[in-house]
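Two complexes come next, and they have one chain in common, chain A, joined by chain B in the first and chain C in the second.
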Partner chain A sequence: MKKTRSFFMIPYLAWILLFVLAPLILILYQSFTNSAGQFTLQNYVTYGTSWVYLKMSLNSFWYALLITIVTLLISYPTAYFLSKTKRQQLWLLLIILPTWINLLLKTYAFIGLFSQTGSVNQFLTFVGIGPKQLLFSDSSFLLVASYIEIPFMILPIYNAIVQLDPALVNASRDLGATNFQTFRKVIFPLTLSGVKAGVQAVFIPSLSLFMVTRLIGGNRVITLGTAIEEHFMTTMNWGMGSTIGVILIVMMFIIMFLTNDRKKKHREVMADEKETL
Partner chain B sequence: MKKLLTMLFGIVALCGLLFFTSHQLSESQGSVTTKNTLNLFNWGDYIDPVLIKKFEKETGYHVQYETFDSNEAMYTKIKQGGTSYDLAIPSDYMIEKMRKAHLLLPIDRSKLTNFKNLDPLFLHKSFDEENRYSVPYFWGTLGIIYNDRKVQANEMQHWQDLWNPKWRDSLMLVDSARDIMGMALISQGHSVNTTNTAEMVAAQKKLDQLSGNVKAIVADEIKLYMIQNEAPIAVTWSGEASEMLAGNSHLHYVVPNEGGNLWFDNMVIPKTAKNKKAAYAFMNFMLRPQNAAQNAEYVGYATPNKAAKQLLPASVRNDRQFYPPESTIKKLEVYADLGATKVEEYNDLFLKFKMYRQ
Partner chain C sequence: MVKPIIELKNITKRYDDGFTALENIDLVIEPGKFYSLLGPSGSGKTTILRIIAGFTDATEGEVIFEGKKINDLPANQRKVNTVFQNYALFPHMDVFDNVAFGLTLKKRPEKEIRERVLNALKVVQLPGYANREISELSGGQQQRVAIARAIVNEPKVLLLDEPLSALDMKLRKDMQYELRELQQRLKITFIFVTHDQEEALAMSDEIFVMNDGKALQSGTPVDIYDEPINHFVANFIGESNILPGKMIKDFEVEFVGKKFECADAGMRSGEKVEVVLRPEDLDITTPEQGKLVVTVDTQLFRGDHFEIVGYDEDGNEWLIHSTNPVKDGKKIGLTFEPEDIHVMRFGEKEEDFDARLEQYEED
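Here is the complex of A and B:
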């Protein structure tokens, strides 16, 4: 039986090797080469000494953080009330449904909504506010990016809340805790794993969103994704593009590390820390 | 367990069988062989499909039409040599780059009976001085497009007019480093092909001042936005502009007469070509005045074919927007291939401008 089990590991291992490890190694290798294919550290030096790239990294990080906060603020209450409703499967389906539609299509739909003659501006004109410049602003970028990412935040939080033993909540109330205390000391700490998973699922892809920065942000929002595209498509400096890719991967690992569900003991310590804050 | 294994092998066997039969079928049909096929590598929607049918009927060649969406993508594909393209249609600076990389085959002029139809104004350009490697297909300009409901014609004639504080938050620019840097360089009286770092930095500083007027830096979407009146002014290429004009009668296109960019898309035979005979047949076919005129009417770009231009309706051929006067054309510059380091310098400066916020 053991033999057959390892036999069934082959497709998985082959997949990981071909489509995860091999590309990572290639990117890492490319990042240490110049356009002539020689070994060099120059790309990293350029990155580290260029104010443009550092500012862009900060930008990426900042926008990803904002997107994560916005989605979290909306998702947690949504997931919480979702777990209390009837017909949960139906509501869940409605939340998942938009993820079946192509990302570009959704983004283009927002162009139609936000443009000068779009439905939102028509409504604003109707109520007497008059048309406003909606596209190409930070707020519209944040809105669209959050819209795209929200299902990936709601689902893990919802799962964590559903798994929460209602007896614990009842016990907390029986022992005299107020609703707020129950939430702060019982519900939230016990669903923190869902929040962390959601943060990972939203923050990491948000770091490298780039079509939305152009289509909705009008390239007034510049993130690392923009630079990677430029280096691969225009300047054809694949080395520098790969270097930025490696930086992104490192940033992702840091996020993974910070939000990882480590040993249970550790989690309790962190929850305690939160309390003292 | 056994069931699963038999299933697995069954699927593998089925795949093999399907592959074998499809291989057999394509062999027996005999339609796709190198001898009677022309592998054409072109931009999307850049030829009248009726002409392809006509060419196939006339010569008996089968045309395999493949498209690319950027010169760089095309370059990578031809360099890797996976498919043997017989004819490709890259732009000017890319032709120079491909020529330098020895990716092009010289063209035998004696086999091009219709070469004489081309306007000498569009031959012997810097990227291919003797036209040894390329034959003009379409040409165009970089210019300003404006909406006459918001902008008067006399307010928008020169590059400098874009810097007018009146146009705060009204401009859309194409997301292309060479073009936008080039326009700033021209407005300062420099060449679009300068490699002088001081001039390039000065151009970027000048662009920073434009930042308050810029609403967005976008790509193909610019067409949609201008047609929907999202912005009153845009900087874009003539080919895109002609499509916008067709969609919104309030739009007008201007090529500033102090200079700018003149671009070409030329036909070349890449080194990968397997069927040169078909490539020559196609070039001759496309150089024939009636065909070139029909193609120009379909695509909406300007034709370098003098005889074909005469066949176009007067309203098209006398349109100053897309066929600017010779005095203007002579001032326009073709982009030269500046080499990887300078191209990167241009792009880095452009990126700085994009990140600049007032």
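Here is the complex of A and C:
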């Protein structure tokens, strides 16, 4: 019995070994080697002392943060009203559907929409605002990146809201809370786990976005993802590329740690001494 | 008559799909009493509670609270509080914050909140539990917290939606006593929804029996037990032998082919009726002395009594409760007093039923 069970584990273990552990080890190894294949710490020193890389990291972080905030602001209300609609499955499908289409295709579609002769500019000309430079701007990058990430934010939040016991909402209103108070004190705190999962699912991939930065952002937005691509494909400095990769992975772990549900510390305060409410 | 605190006038609740959950419900709730809405699941009793609490709207009819129509008043402005079936305690708050929820919203001073919360916890016998997490509590303790969270707001009316149904038998019995005692101490009006007839009989000042969205009968537990209005109520409240019969004249009824003296009147002679005899009102005697003779088929020991099933010569089944066992297969006689017979007319409305009872009971 035990033997068969471990037998079925083989594909999984092999997968993990070949496609997760081995690449991780390789990246780590590469980051400590120079172009001649010798051990060195130079890559990390360069990263730590160069203003360029620091700016890039902050840039990545900043845009990932913006994308996350934008998607969250759109997704939470969407998920909330979705949970109240009648044809939930249909609406959900419509939200999931775009994720089945290749990322590059969607990005190219936006190029078509936003270009000088694209439909958006045609419309702007029609209403008399005239064609505008839409592509290769920070805002178009934000918009397209958010568009791509939104389903990954909506789904976990929607799941959390659906799992919320409606009796808790009634209980809150019964005790005198207005709709807004009910949201702030009951609905939002109890769906926070979904928000955290959504933030993880959006923020972490956003750190290393690179195709969108290039095609929509027109390389105005340089993120760590762009830098890695540059190092591996153009300058062939694999050591430096791997170093940035390691930095990204560390950043991801930090985000995972910050957004994970940690056990609430038990308050050991006596009832009579309780001050905070 | 005392001024009612809540009145439901001609309340009907219909859903979009055409299902009628409540039909022409009239209800008068007087302050300070313990009411039960009793009925099987799907009878509409919880819907009544939700309409009073403001969680759902009545399709037709008026909800009146202290003389004012409150149909359009949102739930958070109504002076009632609810104890929910599964307690609906906020899992992200500890016991103190749960109980303090209503008072915090009302922005009471912190000192007052602390005093009232700790006092409410004392009332429900959970002193020292203020800083526990909800997940650390047993079902019975959660139940008490839910009650404390409601009564701390000093509502005029407390609505309880099957609050004991998730508890085990022993705890449920204990909580019945405690709830009744609490109600009498606080003098708050309780409206208690239950499908457990024993619970309703034990705790209530007044019971509303419901089925299929209709209110069938209201009255004190004793009234409803002794004088059920129809077959459904007789069957639902306690156990009973219900037999077809015929009214011969006032105070005389015929069933199982024999004529018996009874305590009911006001019906046409020859009218077809149903007769109720409670199993505990049937006394076992020798076949010679019995008004009826039945052959014992099976008996079960129920702890405080024996539940005996027997058949008479016509094949009618009889349920008898006796403190002493009998022999299987033996013929026994059954006796009962005229008052033990309760006669029910078919399709009688509650007003007519009450009027008829009043008529001959005054004589």
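In this text, the second predicted complex is superposed on the first by the 260 of 277 C-alpha atoms of A that agree within 3 Å, B and C clash if a C-alpha of one lies under 4 Å from a C-alpha of the other, contacts with A are read in each partner's own complex, and residues count from 1 in each chain.
Please note the rule applied: contacts are C-beta pairs under 8 Å (C-beta built on N, C-alpha and C of every residue); 3 or more make two chains touch, one makes a residue touch a chain.
On a predicted model such as this, the values are computed, not experimentally measured, just so you know.
**Q** For A:52, select first, second, both or neither according to whether it touches chain B, chain C, the two together, or no partner.
**A** first
**Q** For A:74, decide between first (touching chain B), second (touching chain C), both and neither.
**A** After superposing on A, A:74 lies clear of both chain B and chain C.
**Q** Which of the two partners, first being chain B and second being chain C, lies in contact with A:178: first, second, both, or neither?
**A** Second partner only.
**Q** Between chain B (first) and chain C (second), which does A:111 come into contact with in this model arrangement: first, second, both, or neither?
**A** The first partner, chain B, only.
**Q** Figure out whether A:95 sits in contact with chain B (first) or chain C (second), or with both, or with neither.
**A** neither
**Q** With the two structures laid over each other on chain A, which partner does A:189 touch: chain B (first), chain C (second), both, or neither?
**A** Touch partner of A:189: chain C, not chain B.
**Q** Who does A:233 touch here: chain B (first), chain C (second), both, or neither?
**A** Touch partner of A:233: chain B, not chain C.
**Q** Of the two partner chains, chain B (first) and chain C (second), which one does A:66 touch, if any: first, second, both, or neither?
**A** A:66 contacts neither chain B nor chain C.
**Q** Okay, in this complex, where on chain B does chain A touch?
**A** It comes out as residues 1, 70, 72-73, 75-76, 169, 172, 175, 177, 214-219, 221, 224-225, 228-230, 340, 343-344, 347-348, 351-352, 354-355, 357.
**Q** In the complex formed with chain A, which residues of chain C make contact?
**A** So the residues of chain C touching chain A come out as 53-55, 74-77, 80-82, 84-86, 88-92, 94, 96-97, 100-102, 104-106, 110, 113-114, 118, 128, 130-131, 133, 149-150, 153.
**Q** For a test of understanding, state which residues of chain A touch chain B in their complex under the given definition.
**A** Spelled out, the residues of chain A in touch with chain B are 4, 35, 52, 55-56, 59, 111, 115-117, 133, 135-136, 214-215, 218-220, 222, 226-227, 230, 233-237.
**Q** Can you name the residues of chain A that touch chain C in the complex?
**A** Chain A residues touching chain C: 165, 167-168, 170-178, 181, 185-186, 189-190, 264, 266-272, 274, 277.
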